[in-house]
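Consider the two complexes below, in which chain A is the common component and chain B and chain C are the respective partners.
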Partner chain A sequence: MAERICRALRDGALEGEHAPALTIKDSIQSPFGSLVFNHVLSQLSSFIVAQKSQSQGIVLVAFSRGPLYYEEFFKSKGNDVASSNKWIRVLDCCTDPLGWRSKLMESGRIANLTLGTSTTASLYKNVKDLDKLLLAITELGKELVGDGKGRFVVAIDSVSEMLRHTSISSVAGLLSNLRSHDQVSCLFWLLHSDIHETKAIAALEYLSSMQASAEPITRPVNGQRGNSEKLPFLEQNLRGGKIHVRFKRRNGRVRLMSEEFCIEQSGIKFTPISSEAEMIAQSLVPKVQFNLQLSEKERNDRAKVVLPFEHQGNGKTIQIYDGRKSLNEDKPEMQYTSAEKVQTVKDSGRGEIIYFRDSDDEMPDSDEDPDDDLDI
Partner chain B sequence: MNVQLQNLLDDALGFVDDGGERVFLIEDCVETSGAFVLHHFLKHSLSPHSSDAVIFLSFSQPFSHYDRILRKMGCNLVVQRDNKRLIFFDMLMLDCLGREEGKTSEDLLLALYEKIHKAVEICSSPEGTRNITIIIDDVSLLEVAANCLPNLVLDFLHYCYSLTAQFGCSLITLNHEDIYSSSDEPSLLLQMEYQADVVIKAEPLSTGLATDVHGQLTVLDKGLRGCFGNSGKIRNFQFRIKDNQVSKLRPTNLEECRLSPLISHSAAAEIGIFDTS
Partner chain C sequence: MAGNKPRGSSFSRNFSAASNTISQIPGLKHGPNGTMFLSSGIPDLDKILGGGFTLGSLVMVMEDPEAPHHMLLIRNFMSQGLVHKQPLLYASPAKDPRGFLGTLPSPMLSKDEKSRDRDAEQEKGLRIAWQYKKYFGEQNSELQRDGKSEYCNDFDLRKPLERHFYSGQQIDCISLQDSADLTTFHDRCSSFLSQTPRNDRNITCAGRIAIQSLGAPQCDFSDKECDMLSFIRSLKSTIRSSNAVAVITFPPSLVSPAFSKRLQHLADTLVSVKAIPDEDKELAKLLTGYQDMVGLLSVHKVARINTQVPTILEATTFSMKLRKRRSLILECLNQAPVDGSTGSSYASSSSCSGSSKTGAIDF
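Our next item is the complex of A and B:
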């Protein structure tokens, strides 16, 4: 399923359509969004290096981790740093986002030190100005793939950091502009869901065609008090979690998928949901003294109950259920009348339900409320 | 001091693997102070077996307070300061941030960042082998001193995080959980938890007060050091802080008078650790 996300991003945008966009969400209980981000970044870079992708390069907008981190990351994945300059550019919004370092360096108050990275990184010092940021991203992209038909991927290290400096509407505007840019093949970003308001998260989810949420395997039930009881759950959640993905297709259909992930030395590993996880989830249902399950006999009896609707949904002719079983002959019956036309069969010998239909065209059990025309 | 028990805490904090370039967040509350963890870090960083340096920003206590406590733990802060292994910024002195000059909060924090950056430059060795630890005690008082919004404090902390990445130093901050617990908006503390590699929480026992056990300490190591994932670890200890002998002495100078009874009670000469995990 994680591969499916990467393939969708690899295949990129169709002509005249917005680029596919992925939101990676996490929360403090399962703070592994950055590892998922790294995984997607690594997969896409492999596709690009192997020339199997629509895009020819990646523009990485780094807010929460600096160029040194990513240089280490790509080295660990076996990418040659020297050649990485051909397919990646890092827009460094992490080292000096507000220009404080530059201010101090220019006035000689601190030493002018270079960062010492070999990955081509451009320093960006004004994260509050998103128009300039958009320009910087597109220029870096053009530097990578040229002005023509070439396309590039945009990866944003953390939209949560962006939202600290600017409003949600500016960020949404930037992402929307990127999605509709001719040369952007796809984009993906990381978001911490518990830092922002629901409406900000919703705004970003509207902009994305895929959402991947990292969630803990188990949540400690509120009734458990004290750290010693919560410890096993917290420890389990540090080792892995679940990832829920929502794909929004062009025709409007939404597809939901889930997988488990575990944290390993080399990063993150995805596996289908195991039954063990289901059992753990089930065992957390509070134990009560009531029997919440149905026995076989109870299930059969339930299936035999005749429903008080016009039809039973099994293709048989319509019969009105008069509220009593047909075996019971002696009890007096009640009669119901209404002002509408009679349509149905009478139950012979016993009480009748006289039901007047509005018209013969009316479908059984339609939503039309016969009391709607009352003028009270 | 029981060496075996002391190593439990060191192991949980990752000292055994050798730290370097990690961000620690200590959270405490009124009922259970986490200051003893800070003292432990201070002692570890200034141990005679290494040449590591510490840059200490103190918003809550004067130098003499820490000096008194660390002396009991076998570490002489005055000597370390003279040896340039400890650079201590006593932010309690009002003009330290340049507030009287009519500067904005952003200017104040920029000036503070400049101080730290310069101190790191001074402490770092040319070969880059020296571990530098920046300690901030504590962030809520930093917010008060700078008189600014939490977002600006986060900007300042972000610059400190990028210092750690650039120079390979560690950053240890202390903050109080109960100050932010009632705020409607997602708090400064939550943002700091995201940035931290190791979160250390000092809390009271769930069963209430006890004479022999003063609280519990939970050390959560996310295992996200560097770009690799390692299985995170969580350890829980109960601890007992022994009374400080100094609180019984008469104060001899103005700085010692600032010690409040609460602080003198928790200023530990020794701590006992019980591993409950």
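Our next item is the complex of A and C:
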């Protein structure tokens, strides 16, 4: 199912549609959002390098971890650093987000410390101005894929960091503008859900088409306060957790999926849910009625039913139905109550009215049975 | 299907010769209590609401953040307006709202409509078994096809609206993201509505306003809830005195509950859309036609203009389906036949299945 997310991001946006957007959420109980982020990043990068995806490059907006970290990360994944210039650009908003360092350097307060910069990173110093940030991202993207039909992926290291500096409405504006940009294939971002207001989280969920939230496997019951009882939970939660995904599909239905993950040396590994199936009980169904409409087949069958008296005036002779036997049997065996001629009408396409008398011992008392003068 | 017949009274409105020309205008028709209707663009919704959207009313649609169904309602509404040549004002939080006009659906050709003839109100050729039928002549019970197809078109969501519908039309598109507050938008709405004032003279045309996602997080004024409320209030009063309908969608999950409640009370007609979970076995067992459903639509309030009598609907929740993936239809939710062998009780989730408990009942 994590594969599904990566595949959805890899396939990207259709023409004229907003780009798919993934929110990765975590919290202090299960602080593995960054690992999930790294996993998605490495998957997408492998798709891009193998040229299997809609996009040709990634623009990584790094707020919480610097470009050096990502260099190491990609090296450990086996990607060649030298050629990474072709498919990744890092917008470094981590080293000097507000431009203080450069101001201090200009005024000579601190020495010019050259941090090992990589060729793929560009420094961005004005995170409070999101319009400029949008411009910087799109420019980097255009650098990567050219101006025409090329598309790029935007990965935002931590929207939580962005929300520290600016308001939710400007962040939401940035994200929605990125989604509707022609050249953005997909975007994904990381969010720490317990440090923001619910309104901010709701706004970000509104803007995303997929949400993956990392949750602990078990939650300690509130009553247990003693450390000795909490430790096993903590241990378990530090080794792995569950990831719940909500997909907003194109047809408007929402798919919910869950998987377990565990943290290993090489990263994160996803496994399908092993334990008891959790039923997501949603009793949203309002008052339902019984179906009073007829389907096509039912309508056809109803049209075929033979009603008494219906064919009178059509020129056929009158035939009295005696309720003991079904229509398709031989008529000469029936009792006639009137002197009218009876014709056997064998019509296999018509429906029948089958009438079973209560008991076969009784003498047929045609005088009493009102159905006897029904004329089919 | 819930088809509301307007409450009959012993008084009937005398439509004078002058106002008879109104019925000649396509897209408008007379409603009860001296109101006029214009079509929502979805035939089933018009039937449910008793004729359409009342002229001079404010329609609110509560969005579901997980599904884009409110866009279907807005698209059909706007397309209907363009087909009937009614001036249109569209506002959305996107940077380029004009791009949305390219996604409007085209009306379906009439030959496709005939296959959709499901008139539940009149049974064509009702077969009556009557003993004395042979003594009387054949009754002609032919279904009259009235020209009502002009009032509301069935829209094909897969075909974009043809260019000739756009030409010569007044379509204003406003982006809500640009403005820091609502005053400029408010002025534009007022000037738009002044073109279709309501007065005793004949009305020439009706206007449509479609505002999408008011309160979306991208707009700067989204946290200024008082400003938004006063905007909606003044819009409502301006609309009342003009011949126009405004459809506004807003996301109730992103605004404070008090604001959401206030907006719901301000609305004349209140509708909400809801997403349904995919591949939910419980729902599939409970409802027929679950496979085709894309969402649920609930009607909470129907406009009550010039009357104190509320409209009480037989059913308030309808399933949204795409017929042949093309046109939007709304159907009553139907309970799936209870399988006698399983006998699982749905009593917890639906209110009318109290009798479907487990166990065979022997008489």
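Here, the second predicted complex is superposed on the first by the 273 of 376 C-alpha atoms of A that agree within 3 Å, B and C clash if a C-alpha of one lies under 4 Å from a C-alpha of the other, contacts with A are read in each partner's own complex, and residues count from 1 in each chain.
By our rule, a contact is a pair of C-beta atoms (placed from the backbone, for glycine too) under 8 Å apart; a residue touches a chain by one contact, two chains touch by 3 or more.
The model shown is predicted, which means the values in this text are computed figures rather than measured ones.
Of the two partner chains, chain C is the only one that A:256 touches; chain B does not reach it.
Look at A:45: by the touch rule set out above, it reaches neither chain B nor chain C. In the superposition on chain A, A:246 makes contact with chain C only, while chain B stays out of contact range. Using the contact criterion defined above for the overlaid structures, shared-chain residue A:34 touches chain B, although it does not reach chain C. In the overlay built on the shared chain, the residue A:205 is in contact with chain C alone; chain B does not reach it. In the overlay built on the shared chain, the residue A:177 is in contact with chain C alone; chain B does not reach it. When the shared chain is aligned, chain B comes close enough to touch A:97, but chain C does not. Within the complex formed with chain A, the chain B residues making contact are 110, 113-114, 117-118, 121, 151, 154-155, 158-159, 162, 165-166, 186, 190-191, 193-195, 203, 205-207, 216, 218, 220, 222-224, 226-234, 236, 276-277. Chain C contributes residues 65-69, 93-96, 99, 102-103, 120, 127, 129-131, 133-134, 138, 177, 216-220, 222-223, 251, 253-254, 256, 274-280, 282-283, 286-288, 294-296, 298, 315-317, 320, 322, 332-335, 348-353 to its touches with chain A in the complex.
Residues 16, 168-170, 172-173, 176-177, 180, 199, 202-207, 246-249, 251-256, 280, 282-291, 293, 307-310, 312-313, 373, 375 of chain A are the ones that touch chain C when the two sit in their complex. Residues of chain A that touch chain B in their complex: 28, 31-32, 34-35, 38, 64-66, 68-70, 72-73, 76, 94-98, 100-101, 103-104, 109-111, 113, 115, 161, 164, 192, 194-196, 225-228, 231, 234-235, 238-239, 263-268.
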